[in-house]
Amino acid sequence: MEKQINDFQEGEPLALFALIKDAQVRTTKKGDNYLALTFGDQSGELSGNLWDVTDEQVQQFQPGKVIYLEGQRDSYQGRPQVNINNIRLATDDEPNQPEKYVEQAPESEDDIKTALRPFVMAITEPTWRRIVNHLLAKHGEYFFKSPAAKTNHHAFTGGLAYHTLSILRLAKSVIQQYSGINESLLYAGALLHDLGKTVELSGPVGTQYTTTGKLLGHIPLIDGEICATCEELNIDYESSEVVLLRHMVLSHHGLLEYGSPVRPEIMEAEILHHLDELDASIMMMQTALAKTKPGQFTDRIFALDNRAFFNPDDDKYEETTKNS
Amino acid sequence: MEKQINDFQEGEPLALFALIKDAQVRTTKKGDNYLALTFGDQSGELSGNLWDVTDEQVQQFQPGKVIYLEGQRDSYQGRPQVNINNIRLATDDEPNQPEKYVEQAPESEDDIKTALRPFVMAITEPTWRRIVNHLLAKHGEYFFKSPAAKTNHHAFTGGLAYHTLSILRLAKSVIQQYSGINESLLYAGALLHDLGKTVELSGPVGTQYTTTGKLLGHIPLIDGEICATCEELNIDYESSEVVLLRHMVLSHHGLLEYGSPVRPEIMEAEILHHLDELDASIMMMQTALAKTKPGQFTDRIFALDNRAFFNPDDDKYEETTKNS
Amino acid sequence: MEKQINDFQEGEPLALFALIKDAQVRTTKKGDNYLALTFGDQSGELSGNLWDVTDEQVQQFQPGKVIYLEGQRDSYQGRPQVNINNIRLATDDEPNQPEKYVEQAPESEDDIKTALRPFVMAITEPTWRRIVNHLLAKHGEYFFKSPAAKTNHHAFTGGLAYHTLSILRLAKSVIQQYSGINESLLYAGALLHDLGKTVELSGPVGTQYTTTGKLLGHIPLIDGEICATCEELNIDYESSEVVLLRHMVLSHHGLLEYGSPVRPEIMEAEILHHLDELDASIMMMQTALAKTKPGQFTDRIFALDNRAFFNPDDDKYEETTKNS
Amino acid sequence: MEKQINDFQEGEPLALFALIKDAQVRTTKKGDNYLALTFGDQSGELSGNLWDVTDEQVQQFQPGKVIYLEGQRDSYQGRPQVNINNIRLATDDEPNQPEKYVEQAPESEDDIKTALRPFVMAITEPTWRRIVNHLLAKHGEYFFKSPAAKTNHHAFTGGLAYHTLSILRLAKSVIQQYSGINESLLYAGALLHDLGKTVELSGPVGTQYTTTGKLLGHIPLIDGEICATCEELNIDYESSEVVLLRHMVLSHHGLLEYGSPVRPEIMEAEILHHLDELDASIMMMQTALAKTKPGQFTDRIFALDNRAFFNPDDDKYEETTKNS
Amino acid sequence: MEKQINDFQEGEPLALFALIKDAQVRTTKKGDNYLALTFGDQSGELSGNLWDVTDEQVQQFQPGKVIYLEGQRDSYQGRPQVNINNIRLATDDEPNQPEKYVEQAPESEDDIKTALRPFVMAITEPTWRRIVNHLLAKHGEYFFKSPAAKTNHHAFTGGLAYHTLSILRLAKSVIQQYSGINESLLYAGALLHDLGKTVELSGPVGTQYTTTGKLLGHIPLIDGEICATCEELNIDYESSEVVLLRHMVLSHHGLLEYGSPVRPEIMEAEILHHLDELDASIMMMQTALAKTKPGQFTDRIFALDNRAFFNPDDDKYEETTKNS
Amino acid sequence: MEKQINDFQEGEPLALFALIKDAQVRTTKKGDNYLALTFGDQSGELSGNLWDVTDEQVQQFQPGKVIYLEGQRDSYQGRPQVNINNIRLATDDEPNQPEKYVEQAPESEDDIKTALRPFVMAITEPTWRRIVNHLLAKHGEYFFKSPAAKTNHHAFTGGLAYHTLSILRLAKSVIQQYSGINESLLYAGALLHDLGKTVELSGPVGTQYTTTGKLLGHIPLIDGEICATCEELNIDYESSEVVLLRHMVLSHHGLLEYGSPVRPEIMEAEILHHLDELDASIMMMQTALAKTKPGQFTDRIFALDNRAFFNPDDDKYEETTKNS
C-alpha cells in the first residue's frame, strides 16, 4: 500500500492523493488571500496553507474534492502541517473517489453485517423483531456507512454499525453472566439505540450535524421513526411491547442532562446505557493512546470530561527528573 | 347551591355527599384496622378516619365512590379533618356521579372550546393545521377533561385545556407586541405541547401517572403521536415543517434537566417555554394565595423550587413584634 | 439617508463619517506599531487596522471621536473589516456629534416618554408613586439615554427605558388576563427594577461597567437609592409598603446565582422576573435573527446559555445534502 | 445556683421555673386535645405534653410565659422529655422575667462592649467611623441582645455582638501577620456585616425570622441602612469610601448562592468572608461537641453541610468490635 | 429446609428461630415502654413490637441474639410485621449461631475462592502479584465474609468477594473483546479495589461503618495498606509499577465527588470504574426486582439516584384504566 | 543590587543575566523558525522572540540555562516583552547558577527553619511527633526548596515551607482565642498537609507536575508516606492516633470535589482547611495587587474562581466619567 499522509516524518517530502476535508478563504494582515486547507486520508488529517490563491483555485479546492499534492511535512506552533509546493485536482483516471480517503471501521462492512445477523435473529419477541427488521432495512445503506459521531468516538465510516456490534457483544457476555435479563429487549434496544444518527449526521465524508439533527436530536428521531413504523405496520405504538422498546432508546443516554427525556427505569435500559458508555470510552481511549508514545499523556479528550490518559511503558514509566 | 366540604367551619356539624378520593386500610399500634379516607368535592378535600371497620366496609368505601357523610369538621395536628359519625354509599336516586365532585377549571368546557377555536383557525400553515386538527379530534374528549398535572398546577378537570388556552391568550399579546413571530407555529406548538398528558395521566378522578407515562413521559408521547399522525396522513414526518413543529413540543420544558431532549433553538419555541412557565407559576401562586390569610406566607410550593409566597394585606402587612 | 457602515457589500469602497468605539495600540511581530480601531454608527460596527501609525495619530484617534473614513469593506478570517485608505477627525462644520453614531432604541425618546406616563399614573399607592417619581426625576436624563446592558440585550441608547416600557406593556396584558395582581406594585417594580444600571454602566457611548457598578451591582444600587430617597422624603424605608417595593427590585433576577439576594416571594415579583426574562430573550433573538439568513443559525448568544437560534425560511428549510 | 432543666438525670423528679418557648395545641387520634410544650432556661430546652388541656390552660401557657413546673425527666423515642405532674404560671413575686431563661453569650454584655470599643476607635477613616458609630448607636440595645441566627451558630442572647467580637479578634491577628490590609476597612466591615440581623430576627426570646427579614434578608437590610444613614449625615452614599464599605457588607457571604449579590473583590472583603465562616464553624462545632461523649460523633450539623463531627478521647478512640 | 421469615403469608401463624438485627426501647405516648424489634434470617427481615416489656427483656433481646419466636405475620401501614405472641432466647441445644441467620452470597465461599484463583494467577507482573497475594492473605478471612456495603449492593455475607469475582468475570470478557488492555493490571486493580471495606465495615452481622471507616474511607484505607505492604516487602511504594496499581484503586469511584481523590487516567482504571458500576447496579436491580410483582415498580433505590425500576410481565404490562 | 528584569521601563535598553524558564521552537507563517523564550529572575518573568534561529541556538538556549541578554523592554499586544539584540549562554565565571534566578519566599530558608522549630516541639503526642520528625527529615531538603504550587499561590522557592509556617502562625492565634482545640494535632496536620507536593511537583526551577503527581495527587502521596513510615517505625497505621493524623491530611481540601477523599469530620481538620484557604487566598491577592495600580483591578485569578480584585487608592477611587 502507498504511503499515506501520516506515514511521513517531519521534514520529509511527500507526494500523494488526498481528500480536502476543509477549505477556508482567509486574508493575511496585509490583505492577501490564502486558502487554509485540511487534507485527509485513511491515516488521518494534515493541514496546510495555499498562499496567494486565485479565485479559480478557491472555486476548485472545495471540501469533498480529491487532490494530488506535493510538498513537505513540517510543523507550525507544534502542530504538523504541510508546506504545499504543488496542488491540483485528481483527474478521472486517477483514484478520485472521496470515500476511499475516509477512515474505516476496524472490521469490514461485510464482517460487521455477518456478525450482526445472529443478534437480530436472537430477538424472539415478534413485535420488536418486526420493528428492528423494518428500520434496519429502511436505513440499510446509511447504517453501515454512517459514523457514530461527528468527532468523539467511532467518527469513521461504518462507525455506527461497529459501535452497535461492540455493544451487542458486550451485552451477550452480560446476559451469560447474570440472570433475569430479557435478551430480546436488550438486543433490540442496542440495535436501534443510535439509529437516529443516520439522520442527525450528514454522512461519513465531512461529517456535520444536519439542521434536522440539531432541532430534534438522534433520540427523538429514532423514537419518532419507531412510532411511524408501527403506524405503517399496524402495530399500536403505545402498546406495552412498543413502550418498553421506546423506553430503551429514549433512556439510553442515562441522564436527562445528556438528552434522554427519561432515565432508565427497566433493567435492560440501565444495562444498555452502561455498555454504550463503556464501549464509547474504550474506543476513544484506544484511539488517543494509539497516537501517544509510552510514558506520555494523550491530548485531553473532550468527551471524557477533558481528561488526558497516560500510556505506561511496559507497565512502568520513567519519572520526570527532580530539582530543588 | 348546597354547602360543600370546605364551606364548614371548624367544629361545625356537616352532612353532605362527597367523592372518596383515597382509601387506605391501616392498623392501630394495638392491632385494630381502620380506614384512612380522603373525601372531595368541587370545593376541595377533607380527610377522616373510620375506626373499627368491617371487611364489608373496606370493600364498599373505595376511591371513586360517592358517599353520604355525617360528622363534624375538626382538626388533627393543625390540619382539618372530619370526625365521622355516619357514612354510607350514595344510592341510585341520589347525586352519585363521581365527576360531579371533582374540581373544575375556572371556565366551562364549552367556553374553553369556544375560546380555543379562533386560535386553531389562525394556523394558516396547512401541514400544522392538519396535524393539530387530527390530534385534537383524536384526543377530543380527554383533552377537555384531563388535568394538566397530578398535583402542582391546573390539577383539576379541564386543567389541560384551560392551561393551553391561557398560554394562547398570552401568546396573542406577545405576537401583537413584538414583530417577527410566526403566529401559526406558536399557536400550533401551544395547542399540542402538553397533549401527551392525556396518556401520561390516568384522568381527572384520582389522577395517577400511568405506567406508559412513567416510562415515556408526555414529551415523547406527543412527539410520537405527531410522527404516527404524519404517517397516517401521508405527511413526511422529517419534512422541514414537521421538524419545526416537533421542535416546539420537544423543547418546551426549556432545559434538558427538565425532560426536554433539545433546548429551544427557534424563537417561537423559546417564547412558548417562557409562557408555559409564566402561566403555570401564576396558577400555582393564585391557588396557594387563595388559601392563605393576608399577612401570612403560603405553604411551600414544591414545583416553584419550594418557595413560600407572601400574601400582603392591602399592600401592607403587620410586622412580628420584636423583643430583646 | 446616507449609506452607513453596514450598508456596504464586501469589496465595495466606502467613504463616511463614523464614531471611534475602540482604539488599541498594537505592535506587529516585527515591532511596528499600528492602531486596531473599531468604528460604529447606527447600523452597527466595523473594525480596521491603521498601519504604521504616528504618535500624533495615536493621540487623535481615541474612542468617542468622530472621524471621516475612506477605504474598502473587506474581511479577515471570516469577519468583515475595512481596509483604511484615508482617515481624519471630523471638523466642526461636519456632523461630529458622537451621540449621532450610536444605535438607537426602536422607538424615539419622546414616544417612550409618552408611552411610560400612563403606567406611572396607574400607580395608585401613594408611597410607591412618590418614590418612583422621585427616582425617575433624579435619573431622568440618564434613564432615557442609558443602554440596558453593556452587550447582550438592549445595548443601545435608550435601551433601558425601552426595555422598561416593553415589560410594562407585557405586565398590562398579564394583569388583564389574571386576577389578584397588584397593578401598582407590578408597575412600580417594573419602572425601578433596572434603574441602578444608570450608575452601573458608563453610558451609551463606549459602554463600560463603572467601578462602582462592579463593586455593588445594579440591584443593590437601586435598593440603596430607594432607602436614601425614603430618608429624604421622610418615609420609613422598613415600612411594609417600602419593603414590598424593595423586594420587587431585589428579587427580579429570580435566582441567588444571578445576583438577587432574595428570590421572588410575592406574586408580583415572580411575574416581574418572568417578564424581564421574556422581553430580554425576545430582544436578543430578534437582534441575532435579523443578522442571520433564512435556513441558517445565528451566532451563539452567550446570555441565552450560548444557544444558536435557527432562522426558518417561510416556515421551511432546505436540509444539508446527505452522503454515505 | 439552682438546678436547671438539663441538670437532671433521666428518671429524676424535677421542680423548677422555666420559660415556655413553644406551645402547640394538638389532638390525639381519638380526638382529645393536648398541649405540646417546649420549656427552656439557660441550660437548654426540654419538651413535654400536657394531656387533656382545658381552653383556659391553652390561653395561659403561651410562648414567652414563665411557668413553675413539677414532673419527672423521661425520654420518648430516644429524646429527653418531661412527664408533667403539675404546671402553673409564675406569680409576680416569683422569678418571672422571660429574659432570665434564655441562653447567654460566653462573655457578659459589659465585657463584650468593653472589648469592642478599641476596634471602633481603630477605624481612622472618618466616613466609615461616622457610619459605624451612627448605626451602632441606632441599634445599640438590640445589637447587644440579638442572637446571630435563629438556630445554627451563636443562637443565644448577645450572640450577634459576640460573633462580631470574635471576628474582630481574628482580624487583628491576620492584620498583624500580613501586610497591606486596610485595618479601618476590615474593622468597619466586620462591625456592620451582620447588623441587619437585628431587623431580620425577632429577638432572643423565641427567635423567628420577621416578615421584613424574609422579604429582604439581612444583607440588603444593612446596606439600605448605610445608604439612609449617609443621606441623614449628608454623606454621598455612592462616594468611593461608602462604596467600599457597602461592598464589604454586601459580599460577606462569599458566593451569590449564599445571598451576597456580589462576590468579594477587594482583599479586606475576601478576608472578612473567611473569618466569618471560620468563627461560625468553630462555634457550631464547639456547641455540638460539648454535647457529645468522647468516641462519639455529634448529630449532623445542617449549616456545616450536614456533617457529623467526631469527638476523640484523649487523641485516641476505641474502635467498634469487628465480626465476620 | 424449614420455613423462614419471608416464607409466611399475611395472616399466617409462624414459629421459628431468627436473629435480632435491631432492638430499640421506645415509649408510647401514654408512657409505657415497648421494644421495637427487627428479626432476620437468610430470607430477609421482619419487624415487630414487644409491648409492655420488662427491664429483664430489654437486657435479653439485644441485636446479635438468636431468639425463638411465635406469632402471626401481619402488616402495619402497608409494611409487613409480626404480632408477637411469644418470644424467648434460643438455648444452647437449639440452632443459636448468629451467622446462620445472615443473608449469603449466591455462590458458596469455596466456589468463590476457587473461581478467584485463576485471576490471581493471571497477574504476570511480579510486583503486583506479590502485593495482591500479601493483602489477600492478610485479610483472607474477612475478605470472604465481608459484605460489600452496609445497605445498597452486595450487602450480605461474602458480598465483597462475590462482587470482586463478578467484576473479574466482566473484565475477562472485555479483555477478550478489546485489544491493548493490560490484563495483569486490570485484574490486580479489581482484586484490591474494595478490599479497604474489610476495615471500613464492621462485618456481616449488623453491618456498621467503623469509626476508622468514617474518618478515612475504604479508598485511602487500601491505598495506605498497599504502601505499608511495600515497605514490609521492600518494594518502593512510589515506583512506577506501584503508582499504576495505586492509581487503579484510588480512581475507581470515577469522580472526585464520589470519593476518588483522582479520576481514572489510565485505560484499565477507566474500565475498572465502569465494570464496578455495572456490576453494582445489576445486583441492586436484581435484588429489588426479585421483591416486585410483574407490572409493578420497585421501591426507589437510593444508590441508583433514587430511581424505581419497572418489572414487565412477559415483556408486556397491563396499563392503568383511564377515566375522564 | 543590580537591576532586574522587571526594574526596567518600557522602551528602556537592558543588559542582564537571567534564567531561561521556557523555550519553544516556532515557525512563522512564511516558514522561518524562531525561538519563543521566557526569561526569569527574582523580580519575575519577561518574554521575547529570537528570530531566524540556528539549530545550534535551539540546542543552547534550553530551559534551566542562565543567559546574558541585551535588548530593549517593549510590549506586544499590551504585554511586556523584550526585543532581543544579543543573547549568549553565561560562562562559568559569570553568575550562572539557575537557582539564583528563581523567585524566593519572603523570609529566608534559615528564618523559616527557625520559626518552624517551636511548632514541631509543641507536638506533645509522641506518635504524631515521631511521624512528623521522620517525614520532615526524609524530605528535608526538598521541603525547604519546593514551591507550594505550579502557578497559583506560593509558586516560588521555599513556598511550601513558607505556606506551612503561615498556617501554623494563624493556627496559634486560633488556639489562643478558642478553647478545646488539640494543639498537637492541628500543628502536626499543618506540618504534613502539603508535604506530598515535594513528590507531586518537579521542584522550584521550571515547576511541572510529575507523572506520579498526576496519577496520585499530593494528598494520597503524603497519606501513603505516613503509612509506610508507620510500618518502618513499627507503629500501627490504623491505630486511633494515626487515623486522626491521616484524617487531617486527607480532608484538608475540604470538599470531595477538590480532591479530599473525606470531608473534615474533626474540629482540627475543619480549622486546618479554613486556614489553608485563608493563607493561600491572601498570598494570591497580595501577589496580584502588588502588580496593580491603585484604582485598577488585577487580572482575573483562576484559583480564586476567576475573580479580579480591586486596588483602592487610599481607601478611595476615581470613578469612570459618565456620558449619556
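Per-chain residue numbering starts at 1, and chain names A, B, C, D, E and F are given in the order in which the chains are listed.
Convention: a contact is a pair of C-beta atoms (placed from the backbone, for glycine too) under 8 Å apart; a residue touches a chain by one contact, two chains touch by 3 or more.
Just so you know, these numbers come straight off a predicted model, no measurement behind them.
S.K.: Which neighbours do subunit A and subunit F have in common?
M.R.: C, E
S.K.: Supply the minimal count of touching-chain steps required to go from subunit C to subunit D.
M.R.: Contact-graph shortest path, subunit C to subunit D, evaluates to 1.
S.K.: I'd like to know which pair from C-D, A-F or B-C copies the A-C interface, where a copy means over half of the contact pairs are the same by residue number.
M.R.: The pair repeating the interface of A-C is A-F.
S.K.: So which has more C-beta pairs touching, A-E or B-D?
M.R.: Between B-D and A-E, the larger count of C-beta pairs in contact belongs to A-E.
S.K.: From the centre of subunit E, which other chain's Cα mean sits the farthest off?
M.R.: If we average the C-alpha coordinates per chain, C ends up farthest from subunit E.
S.K.: Looking only at residue numbers at the subunit D/subunit F interface, is the share used by both copies over half or under half? Answer same or different.
M.R.: Mostly same residues: over half of the interface numbers shared.
S.K.: Based on CA centres, what chain would you say lies at the far end from subunit F?
M.R.: B
S.K.: Based only on mean CA positions, could you tell me how far subunit B sits from subunit E in angstrom?
M.R.: That pair's centroid distance is 43 Å.
S.K.: Please output the residue numbers of subunit B that touch at least 2 other chains, ranges allowed.
M.R.: 211-212, 214-215, 240, 244, 265-266, 297, 310, 317, 319
S.K.: Line, ring, star, complete or other: which describes how these chains touch one another?
M.R.: Its topology fits none of the listed shapes; call it other.
S.K.: Kindly provide every pair of chains that touch.
M.R.: The list of touching pairs comes to A-B, A-C, A-E, A-F, B-C, B-D, B-E, C-D, C-F, D-E, D-F, E-F.
S.K.: In the complex, go through subunit B and note every residue touching subunit A.
M.R.: 199, 211-212, 214-217, 219-221, 223-228, 230-232, 237-238, 240, 243-244, 246-247, 250, 256-262, 265-266
S.K.: Quick one: in the complex, what on subunit A touches subunit E?
M.R.: 125, 166, 169-170, 173-174, 177-180, 182, 184-185, 239-241, 244, 263-267, 270-271, 274-275, 277-278, 281-282, 285-286, 289, 297, 304-305, 307-310, 312, 315-319
S.K.: Inside the complex, what are the residues of subunit A that reach subunit F?
M.R.: 28, 49, 74-78, 83, 295, 297, 310, 317, 319-324
S.K.: If we count contacts the way the header does, which residues on subunit D are in touch with subunit B in the complex?
M.R.: 24, 26-27, 29, 31, 64, 141-142, 145-146, 202-206, 208, 210-212, 214-215
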